[in-house]
Every structure is written in C-alpha cells, then in structure tokens.
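One chain, chain A, links the two complexes that follow: it is found with chain B in the first and with chain C in the second.
Let's look at the complex of A and B:
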C-alpha cells in the first residue's frame, strides 16, 4: 500500500517538475495533466472517491484542455527568446526551496503527524456528500454557483475578439 | 492508506514546485499552472487532515475540497481569458513585457 502511494507520489512530482521545467509549452501542459492524474489516484487512496472523480473531470477534463487552448491561442512571437526562465530565476527557486524547508521542518517537528489514524474508511458516498452540500453547506454552494456563472460570463467577455477599428 | 506525514511532505513538495514555477518562469500560462499546482497541494492537505482527523464522518474536508476545485476552475477560466486578452495587445505572454501599467 505504501509502495503504491510512493509510485503515485513520484508520478505526481515528475509531472509537477516537468510542468514548470520543460521548454515546450505543450509538454508543460501535458506534464501538468500527469500531475493532476497522480493526485486523483492519491485522493482515491485516501478514501475520497467523489473528490477523485471530480479532480479527473475538472482538472483533466477542463483545466488541462483550457490550458492547451490558451497555448494554441497565444503563439510565441517570431523572435522567441532562448531563455525560458526570468532573470531573478535563482531568487525564485531559492524562495521555493526556503518555503519547502520551513514547511518540511515544521511537519517533522509537529506531534500531530504521529497520531495513529482511524483504520476504518469513513463513509463518504456521493449520497452523504450531496446531503452535506444541501444542508450544512448550502449557502457556499449557492455562492459557488453564482461565482461560476460570473466567471463563465467574464471569461467570454474578456476573450471576445474585438472588431478591427473599434479598438 | 498513506500516512499523514507522507501526504504532508508530498504536499509541501508540490507547493514548492508550484511556487518555483510561478516565480521563475517567463510565461504567464506556466505561472498559472504553478498556481494550480499550489492549489492542488492545499487540496491534498485538506483531504489528508480529513482522513486522519478525529471526525472524518463530518465530511468537512471533502466538501471544502470540492469547493476549492470549483473556485480553481473559475480562476483558471478567467486567468486564461485575461492572458489571451493581454496577449492581443502586447503579442507576448511574458509578464516582463506587460509593463504599460508600471508606475
């Protein structure tokens, strides 16, 4: 079981590193999709089947395709720069390593992580999640619906191609 | 089932990788991918703490993660539309070229 988790974790990390380190943009998008898929597997191992399927639907089905479309719609200029990383690249990497060091050391120092977990898989069927969404979380659910509608309209308005001359 | 510590370390690694991508790359789309990776690391933390917490039957972690995925989808759609809109004006997806609003 632990070996399966490590395989999924390595796949996820390879996908994540590839998503930010590869040179071709389309490879970055496909690599990010690999990371999202690995995370869906890890969610499945954690006993959250519904979230895992939502991850596959939303991230692999929608976000990855959206990113690919955005890459196709923004071809690079003729004089592509050879350097894909910006000047203070080392500074950004240093900040990331620093953040990881702080989080990692605090995880290792925490006493919470050593508590034994409940072995029984908690019931998290779609029925129970639906009931929780419709009772306790009904207000956030409605707000999220409003947000998604606004985002849909906003994305269409932003990406609308303006007529030549009206610019 | 993966232990809480394994999940937290993986999540920290994912967050650091996403942060490095968001800070160091010169393409706005990769910056957005980095932000998505950081959001996913947070989702993994939510689920790990839900699974290892004292009251997993309350389903708080699962519900919160679902909301997080929904908000991330909206953010990606608007973010990519913004990148495309700015690209039409500057013919570039490099944030360093977007300096018209610089004071």
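Let's look at the complex of A and C:
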C-alpha cells in the first residue's frame, strides 16, 4: 500500500513538474495528463472510487483533449521556445504562495479535517453521491447545468457566424 | 460435476495462490488474475484475426489464409513473428518519446477496462461499485493515445487522421453512454456483476430475462452496438484510417511491433465494447434458455462474444464507408435523440412494472415499442431526405 502510494505520488509529481518545465506546449499538456492520471490513482487508493473514475473520465478524457485541441487550433506562434521561467517570476511565486495559503487555510478551517477518518468505505458510494446530487446539492447541479448549456449554445452561435462569413 | 467445471478457473487460481508462501499471496492473487486475462485476450486476439480474415475472404468469394497450418490456423503466429522481425521505422522529425509511448498508452487502458468485466459466475477480476464508470473512464483514455500517435509522427496525414478519430470518438461517446444508462436505470447499480444478476430468472420458465427482450433493451443494444462500432473505428465508420484518402491516418508512420500494438489495442477495444454490450443487454454469462444451464458460464460469455465478432465482420464485409457529414449527422441527429427517447421509455418501463401482474404486459410492450418505432421511422426518414448536396467543390485542389 505504502509502495503504491509512493509510486503514484512520484508519477503525479513528475507529471506536474513536466507540465510547467517542459518547452513544447504539447509536451506540457501530455505531462499534465500524466499528473491527472496519477491523482486518479491516489483517489482510488483512498477508496474514493467514484471520484477517481470521474477524474479520469473528465480530466483525461475531456480536459486533456480540449487543451491539446486548443494548442493545435491556435496559431503556431503559440508554440514558442521561450524560457520556461519567465521574467516576472517573483510575481508568479507570489501568486502561487497566495493561492496555496488560501487553499491551506480553507482546508484547515473546514470540518472535514477534524473528523475522524472513516474506517469503512460505504457499500455503495455511487448511490449515495447520486442521492445527494438529487436532493441536497440539486441547486448547484442545476446552476452548473444551466451554465454549461449556455456555453454550448454560445459555442454553436460562434461557429455558425464564422461559417456564414466565409461562404 | 457442473459446479466444478463452472468454477474451474477460480479453484485453479485458489490452488495456485495456495502453493505460494503466506506473505506473497496478497500480491500473487491480482497478478495471477491479470496474467490469466492477458493470456486469454492474446489467444482471443489471434483467433479473431484469423476468423476475420477467413470471414472476409468468404464474403469476398476468396479463400483467405490457408497456407500456414490446418485451415491457415497458424497464420496469426506467422503474422506475429513477421511483425516482430520487421524494422521499426521512426521518422527523422518525429517526437521519439511520444511516438514510442503512444502504442503503450493505447493498449494499457484497454486492458484495464477488462478488470471489471464479469466473464463468468464469480469470474471477475475486480468488482467495483462504479464498474461501468471505470469501463468508460478507461475507454476515454485512449483518445489521448490516438492524438499522441498522430501528432508525434510529424505527418499531415497522421495528424488529420488523429483529429478525425478524436472527433468521432467524442461524438459517439454520448450515444454510447446514454444507451448504456438504460440498463443502469432499471437495475439501479453501476456494478457490472449486479447488472448481470438483474437479468437472472426466466420468462415463463424457459426464456431468459435478458434486457434485450424488452423494447428499451433491444433499442439500447442496437444503439450501443452502432456507437461501439464507431468508437472502435471499425468499418463502416473507419474514416480515421481511410486507406484510400489519408493512408491509415494516425497509424501511417508506425511499423513493426508498434503497429501490431495499435492493432491489438483496436481489437481489444472492440472485444471490450462487445463484452459490455453482452453484460448490459445480453445477460452476461447467463444461458439464453432454462434447459441450457449445464454449459459453463464463461463458455456462454465467449460464445456471445464470438457472435458479436461475427456480426462486426459481416458489417465490415457488407457496408461501404460513410462520409464525414453522414457520420456526424448519424451521431447527433439520429442516435442521440433515439438514445434520449430510449431513456424515457426505460423510465416508463420502470414505472409500469406493476402492469405485468394485472395483465397489461402486452399494453406495456406496445406503448414502449411504439414510442421507439415511430421516432425511429421519422428520424430515419429525416436523416436520408435532407437537402441534396450538389457536386463537391474543391477549393484548393483545382
């Protein structure tokens, strides 16, 4: 178990470092995908099956492909060979520290940290998640659905206009 | 006797694990499961290539392989040796690391997907509570592998092929998942083992209670198979590889064993999709008739798998390749609406579960069937009677 965790952690870290340190944007995207996969493995090890599979389905199957498509469809000028660590590195470091601080403090402030760790995984976590999504969390779910539908319609409208202009 | 034969793989594994020292047993059990899976799939792959070449030969009025071994049965072995001894060519400008990793990224997720497949009674490597989600998650990871292959080859044909393949896989994933959802709705579980258990029992004491024998199940099965054909890039949806237009797409710069790995990945993906269709709609490893229960469960599974394979070969030998616009129209204007209607019919079937006892079983059947057959006819007519396109205009080639 411990060995599995260390392997997954190393894979995730290599992917994450590669995503910022590699020169070609496609390589960065692919190493980010590796980090996503490593995270999914860690979730699975922690007994969060549903989260792990959703992570692979959404991040590896959709987000990574989206990033790759975005890189390919933008002009080739985007594929620069500039130094990975750009000039205002102090600014970047500041932002990173700030974000980490906010996440750290909010994690510590939440009640999850102080709850004793669950000893047994519930028998059917997918069912519990589904029930929660349809009862307690139904409003956020609907808002998200509305947002995504709006984005979808917006994308269709954008694509439509471009076609009319070209023909 | 039957019990022993049915549970033979499980007792064999338990005996093998028992031979090892105590400390190794926890590691040996999953390793043995994985090894058995990979071995069985390799044999299945070899057999499938032979069946496909023989079957296509029969459909095209020729012999097919008949030189190596009896009936050409050793042809897959010869092919494998040929692939291993071929030169492994990598284009000079190719991205060597990604070019090397792409075949692996193709095969590994496909193999992972088999972990949740119930091949027989108690014969499953890992029964996850969200097994169906695991299956689709593993399947979606192959899109990235196709992209890696297409991009790293530094060839415009391979990149075009990869883009086509990804667009096709993403489009057809929607009807694929939606048609699988019907079975989940009715059995109330994402675990594939529970899904098979939900199809236990017999109608009238002889016909199995498979999902395919209901209106929504039949529609779901056909929708699922269609979407799976496209997902596996098989004919008639093999545009990404279109030999006559983009010379095998993302595979164009692959040779030797790397090409064989892609080939293996595609075949195993097809088997996995067929296996899932069997698990969801064809009762998994269960016998079709009550009197046939004496055949071991895993034999039923593989019999059904070969049936699906024969269907795919038949389709490949019969249907011409579709155009890109036809491909996208079929996915978004035909399969997707039908899959959504099918979800509704499945919900109706669930709500009217009490009708069967009152004697309204026939009415339930007729309502469900009509709700699916009428949109099928209307949508199908709309799909084929769209605005006629004039002769194709080539903007750059003239």
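Here is the rule we go by: the second predicted complex is superposed on the first by the 115 of 167 C-alpha atoms of A that agree within 3 Å, B and C clash if a C-alpha of one lies under 4 Å from a C-alpha of the other, contacts with A are read in each partner's own complex, and residues count from 1 in each chain.
Simple rule for what comes next: a residue touches a chain if its C-beta (ideal position, glycine included) is under 8 Å from a C-beta of that chain, and two chains touch if they have at least 3 such contacts.
Predicted model, so just to flag it, every value in this text is computed and none were measured.
Participant: Does chain B (first) or chain C (second) touch A:158, or do both, or does neither?
Facilitator: Only chain B is touched by A:158; chain C is not.
Participant: Between chain B (first) and chain C (second), which, if any, makes contact with A:54: first, second, both or neither?
Facilitator: It touches chain B and chain C both.
Participant: For A:45 in the superposed arrangement: first (chain B), second (chain C), both or neither?
Facilitator: So A:45 only meets chain B here.
Participant: Is A:65 contacted by the first partner chain B, the second partner chain C, both or neither?
Facilitator: second
Participant: Of the two partners chain B and chain C, indicate the one touching more residues belonging to chain A.
Facilitator: Touching more of chain A: B.
Participant: Tell me which partner A:9 touches in the superposition: chain B (first), chain C (second), both or neither.
Facilitator: first
Participant: Examine A:126 and indicate which partner it touches, taking first as chain B and second as chain C; both and neither are also allowed.
Facilitator: second
Participant: So which bits of chain A does chain B touch that chain C touches too?
Facilitator: In the superposed arrangement, which is not itself an observed complex, chain A uses residues 50, 54, 62, 69, 123-124 for both chain B and chain C.
Participant: For the complex, which residues does chain B have touching chain A?
Facilitator: By the definition above, chain B touches chain A via 1-10, 12-27, 29-30, 32-34, 36-37, 40, 43-44, 47-48, 50-52, 56-57, 59, 61-63, 65-67, 69-78, 80-85, 87-88, 91-94, 96.
Participant: Which residues of chain C touch chain A in the complex?
Facilitator: It comes out as residues 98, 128-130, 133-134, 136-138, 140-141, 143-144, 147-148, 151, 163, 166, 170, 173, 188-190.
Participant: Across the complex, what residues on chain A touch chain C?
Facilitator: 26-27, 30, 33, 37, 40, 49-50, 53-54, 56-57, 60-62, 64-65, 68-69, 72, 123-127
Participant: So in the complex, which bits of chain A are touching chain B?
Facilitator: Within the complex, chain A touches chain B at residues 1-2, 5-6, 9, 12-13, 16-17, 19-21, 25, 28-29, 32, 35-36, 39, 42-43, 45-48, 50-51, 54-55, 58-59, 62-63, 66-67, 69-71, 73-74, 76-77, 81, 83-86, 88-89, 91-93, 95-97, 99-100, 103-104, 107-108, 112-115, 117-119, 121-124, 128-129, 132-133, 136-137, 140-141, 144, 147-148, 150-152, 154-156, 158-159, 161-162.
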